[in-house]
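These are the structures in question, set out in turn.
Each of the next two complexes has chain A plus one other chain: chain B in the first, chain C in the second.
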Partner chain A sequence: MNGWTGKLLRVNLTTRETGVESSEKYFGYVGGKGMATRILYDEVPAGVKPYDPESKVVMAVGPNSGSSAPCSGRTTLCFLSTFTKGNAVVDAHIGGDVATQLKACGYDALIIEGASDVPVYINVKDDKVTVEDAAALWGMTTTETTAALCDKEGTGTTVMSIGKAGENMINLSCVITGVAHCAGGGVGAIFGSKKLKAICLYGKGGTQVADPKRVLALNNYVMSDLMGSNNNHVVPNTPQSFSEYDSPRSRWTGHPGLTWGAAPGGPVDTGESAPGQPTLMGYRCQKAVFDHGMIAEKYTTKMIGCTSCPVRCYGAVSLPQLKKFGRNTTHANTCLGNNPYGGLMKAYTDFEEEGDGKLTASVYSAILADDLGLWDNYGELKATLNYFMDNGYMEKILKPEEYAEIDWSKRESGDITFIADILTRVCDKNHTLSTLAQGAYFVDKQYHDLIGDDYINSAALTLWSTIGAKRHHGNECAAQVGMLTNVVYNRDGMCHTIVNITGSGLPYHLQRNIVEERFGKGCLDMPKNYTPMNEAKARFAKFGVVRQALHDSFTLCNWVWPMTFSPRKERGYKGDLSVESQYFSAITGKETSEEELDFMAERGIQLARAMTVKTYGTRDMRHEHDVIPEYAYSTEPDVPVFTEGTVKMEKEDWQLALSMFYKEFGWDENGAPTRETLEKFDLKDVADDLEASGLL
Partner chain B sequence: MSKGLMNREYTRREFMKMTAKGLAGVSLSGSMLSLLGTTLAQAEQLQLYPNAEYLLVFNPARCTGCQRCELNCTLANDGVAQPYLSRIHVRDYAQFGGDVTTEYLDDSGFFGNFSIPAETCRQCKDAPCMVGCPVKAINPDPVTGARVVDENVCIGCGACVNNCPWHMPRLRPDTGKSTKCINCGACVAGCPTSALKMIQWEDVATAMNAGA
Partner chain C sequence: MDNPNEERLSEAGQPGAEQQAGREAAALLAKIIYDRTAQNLVAPLKWLRRQAGPGMDEALLARLLSGVDEGKPCEELKDAAQVRGRKDVYYYSASIMTAQFARVQALIEDKDMLATIAEVTRRDCELYPRPAPFSKFAGYPFRFSMDELEGAAARMQMSDAYADIGVVSASNGAKAFYSSKFLSKAYARSLFEEIEVESREWQ
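The block that comes next holds the complex of A and B.
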């Protein structure tokens, strides 16, 4: 079979039985997110809670996963949210080798069900699947677990594991694979509830493709003509011989003179890698410097990333000064993952030069968090901990002995072991600090009498919704468009389709001209100079999330795709939004148009929204789900809305934005899918289900 | 043997004499360093694969572990993206640089110092895979010199895998037949950081003659 493997692997942790079934009935959902969401709908009844034995985790890939297409190394995990209102369906995404290996083992999806009484790991080697004892692994860090399992099962084994956060069922916990590749959303705690310490994958199979030459030609086309750098930023951030434009915010940081300074044997210059040079494009993103500043250059060993990705967005650094803290001295990650908890400090103690204290704190905190399998919820956990420390609430919520045992002065003195003091306790279910890692919605519920309405609505937290979901990205990016891309999610939206456009580095007028051609006049305002809502913005926002769902289903990395723009001047910087469908056709052998593929991806969104309606027990998504916190309306208080200099939202305008967005999706004024819409997407059974529950 | 082939072979032998013990301590000209894509300090760790057609160079410091070489290799040669079949092996070396040692945090691989010591076929002169094949299914290609498996002859015994000191040949999971590198260069074309370089012997000869 081309693209898909046609098989689902089911592992029951209660009985330790395993089985293989056909996956063909889910092909209409593409794969990945769509497939996993449908399986969860079919198999986990509404009312089940994430830590119940009846709760399941479905991890799925799609026809593109492991095909060699650039950025096709992504896997989607679908499960019940541990940390947002209602515990409704969410998905998380993991990179590394998982997608390639799940395909190589011969499966489109792995369904994990039941719960073990004792620690176990799932061992998948092609068609040999076993549930093994993991008693000796319980309590280990994710790094130790990976080393132990690779030693036992083979050095090339792909290991996904949880740390203490998952074991202790801390809501904000994750699953880690390789170095720092993370599936968040609380899935680590669900693993922990099932006593599932790890999954091992090692496959000898592959991804069959219908037309290998066409796939190779597409790879060359995409890497030569369409891809820029991380987030598909298509202009370099310094002037270079080939570039008409440059932008300081671009993640295309590589340039002559900027190096991987700690590369073995001496610095490697990142140089120029002009469009049309696919064998040099891995030097475009010097992400350690982008994330940490120039101080990181001399500590940078190289860039790494997911299997099949030529962008390489993980900045790998080596900091000898970490040796004194008794930990690994190397780490690699990207964006917020490069500094998840360094910001808990009020001061930093430098080691050898100004600024290396902050860098060391960042990397130290990243290593620590990954070893604990603690998920940051895009900065929410750090913000919550700081909120409680900065406002004097710690002394009020902690037991006296708990408060006394922590040396709070370290925070001010710059002793970074403070971060370990805090995080290890956050992962201890018996310590009150762990209550702050429940997710903002549940923190607000537990401590509302103390913190009032301010916490959940604060700019310090920067949620997109009071359901406890972080803004990632939102109104800071194309105003209403960015904020709307979150609405279909029960966690942070993680939609990068839009922010990759606004952050591309191209001048505004070029961005606007290219996207207006497709979505209509007025779809993209100038940054921090926004206009009231219009229908073009709603179309643009819908495109953003549909493509995101496509990427999470197909699979591709939405941190880079779609190819809206190109780095090539001769193309007028216009990308090619049909590439996903070209890949789909070349891989599966089923000629499929861009519109047909988008329709299949949207089916998964419609289903997830219907599931949320059912879980919430109300059609009123507008008032129960799509509620943006007060900070979004009050930021930049001295600048009137819809004038230059503010990203603030306006209350009536947001309601109009929701109405227009709902209309684009075929939802009613409550924001719930109608029968007509569900049936259009072959979801009649879902419509019947909602009707039977009095929700249609 | 044509003059071109003779010159190529002569250069290859001279280069192999020069690098018999690796590049450590070898006096390399600026032209040669530029051709190899390395600095003098980095040259020590280069892995050299001098085959009859060209010099393949792998630089572990530039390899980022993306495994696009493996995917390209199998897609080009087998019509399937199947890393296990790849004739360059990155995956098994990427995490821990090979076997997991007690000192893995200081060893190579993602969990250590990020150096990735990938391996590929050396097309050895008296190739153990070829010499040890009980049915003579592995023979030098008359044009490229690569040691090539005739899958119609191969009985899938695995002697080639066991005999190769680096275990480079692989047995196809579906047919059980052996498959190995044929010097096609698909891996080089797929590398986004040019950690793999394919250098023609003519260019090596020029660099060797150019001196400092």
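The block that comes next holds the complex of A and C.
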């Protein structure tokens, strides 16, 4: 079989039985997210809660993973949300080596069901699958667990594990692989509820592709002509000899004179890496400097990333300053993961040079959080902790002895052990601080009498919806378009299709001309100078989430794809949005057009929306789900909406935006799929199910 | 954006084959320009004159380069292009350097800091649009110090030639130049806040 392995692995933690089934009936969902969502729909009845033994976690990859395609080392995990309203279906994504190892073991998906009474780990070595005792691992950090299991199961084993947060079923917890690659969404807590400490994967198989020469040609085409750097930023951060354009926002940070300063053997100059030089792509993204500033240059050892990714977006640093805190001195992460909780501090104490205090706090907090397996919900947990500290609520919610045992002055004095003081207690289910890691929706419910309506609606929190989902990305990115991309999710949307366009670094007029060609006039406004909603924007937003769903299903990194733009002037900077379907055809041997593949990806979105309707027990998604908080309407109070300099939304316009978006998806005015739409996507059984529940 | 000062060369105007020595000199000149360009630098005319060695006297150099200047280069120099700065004329190989980067290098070679800041700022504000962060000028390839940039900002305030150039700040204290010909101060400040603070917060 080409692309897919054709097999699902099922592990029951209650009985410790394992089994293999055909995955073929799910191919219509592409794989990954689509496949996993359908399995969850088929196997987890509505009403089951995330920590119930009947709850399941489905880990799935698509035909692309293992094929060698750039950025194909992604895995999607599908499960019930632990932290947002209704505990509806969500998916999380993990990189590292997980996707290729799962395929190498011979599986398209791993279904984890049941619950163990004692700590266990799942050990998959090709077709030998066992559930092993993990008593000795329980209580270990994720780094310790990884090391212990690699020692036991052999070098080359990929380990996914939970830390203290997951063990204690803290809603905002994650699964970590490769020390820092993270699947969030609260899945760590579901692992904990099942007493599942870790999963080990080691396979010696491979992914068969139908047309290897075509795949290789596509790889060369994509890496030479279409890819820029992280988030497919297609112009460099600084003026460079090969480029007409530059952008200070671009993650194409490499340039002559900028180094990996702590590389073994001496500094490595990132230099210029013009389009057409795929072997130099790994020098383009000096992410440690992008995330931490120039001070990180001399501490940078290299860039790392997921299997099969030429971008390398993880900045690895070696920071001797961490020795005094008894921590590892090396770490690698990216984006918010590089500084998840340094912002809890009000001040930083420098160690050896100006600015290294903040850098040390960032890396220290990243190591700590990854070791605890504590998920930040795209900054929501840090924002919540700061909200409660800054507004004087800590003294009111903590027990007197709990409040007294924390030295709050460390926050002001720059003693970064304060971060550990807070986070270790957040991961202690018996400590009241842990209630702040329930997710914003549940925090609001528990403390509403104290915090009123302000917290959930605040700019400090910056949710996209009052269901407790963080904005990632939203109206700060193409206004209504960015905000709409969240609507199909029960967590932060994580849609990068749109922000990769607006952040590409190309001049606005070039961005607009290229996307208007596809979605129509008016689909992309000037940055921070937005216009009222129109249908072109709705089409653009739909494209954003459909491609994201495709990537999460295929499986492919939406943090880089799709290839909307190109770094090449001779292409007019226009990318190629048909590449995914070309890969799909070359890998599976099933010639599939761009439109056909998008349709398959959309099937998963339609199913997930129907599942949300069923979980919520109402069709009224407009008022129960797609509700943006007040801050989005009230930011920059002195600047009128639809004028220069603001990203604020307007209430009637948002309702119009929803109507247009719903129409694009074939949903009714409530935002729920109709029978006609579900049947169009071969989801008649789902329509029947909704009807039987009085929801159609 | 095409640079109006840049001139690409055609094959027309080939000086003729009667002077083999001239052809060899042209090939050598092309190599000198190419090698300089490969180091991400442009070749100032004054510098090229110093490179003139045996077989390439000043008159021959002038003749060869005039072909480039007039868009009628000889075959050997058909890859060469020029950009005219305030203080010199600069040559580069167009196959490995964009006109825009050559323009930036010409500004740097001219060593007129205020003119450099103003030209780059106006282009950024008109084209992208966005203000030009101080950090852009502090980094590659400009490498001005922050003290120099603060001084330049102050001096530009006192010059009619730079009356449109102002400074905006982000909430983290970072600064950027903007041109009021293309951006209002409020819009420039808002865009700079997005560049400097918001886009890093919402990665």
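In this text, the second predicted complex is superposed on the first by the 696 of 696 C-alpha atoms of A that agree within 3 Å, B and C clash if a C-alpha of one lies under 4 Å from a C-alpha of the other, contacts with A are read in each partner's own complex, and residues count from 1 in each chain.
Basically, contacts are C-beta pairs under 8 Å (C-beta built on N, C-alpha and C of every residue); 3 or more make two chains touch, one makes a residue touch a chain.
None of the values given here were measured: they were computed from a predicted structure.
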item	value
Partner chain in contact with A:T207 - chain B first, chain C second, else both or neither	first
Touched partner set for A:N529, first chain B, second chain C, both or neither	second
Touching partner for A:L336 - first (chain B), second (chain C), both, neither	second
Touching partner for A:G503 - first (chain B), second (chain C), both, neither	second
Superposed model, chain A: greater residue contact from chain B or chain C	B
Which of chain B and chain C A:T238 touches, first, second, both or neither	second
Which superposed partner A:T635 touches (first chain B, second chain C, both, neither)	neither
Chain B versus chain C as contact partner of A:R471, first or second or both or neither	second
Shared contact residues on chain A - chain B and chain C	none
Complex contacts: residues of chain C adjacent to chain A	1, 37, 40, 96-101, 104, 127-130, 133, 135-136, 139-141, 184, 186-187, 189-191, 194-195, 198-203
Residues on chain A engaged by chain B in the complex (per definition of touch)	66-68, 97, 100, 104, 126, 143, 146-147, 150-151, 154-156, 178-179, 203-209, 212, 215-216, 223, 260, 263-266, 268, 278-283, 301-310, 312, 316, 318, 328-330, 332
Of all residues in chain A, those that touch chain C in their complex	238-249, 255-258, 272, 291, 335-336, 379, 471-473, 476-477, 503, 507-508, 526-529, 569, 639, 644-646
Contact footprint of chain A on chain B as seen in their complex	38-39, 41-45, 60-68, 71-72, 74-76, 78-85, 91-96, 98-100, 104-105, 110-115, 173, 188-194
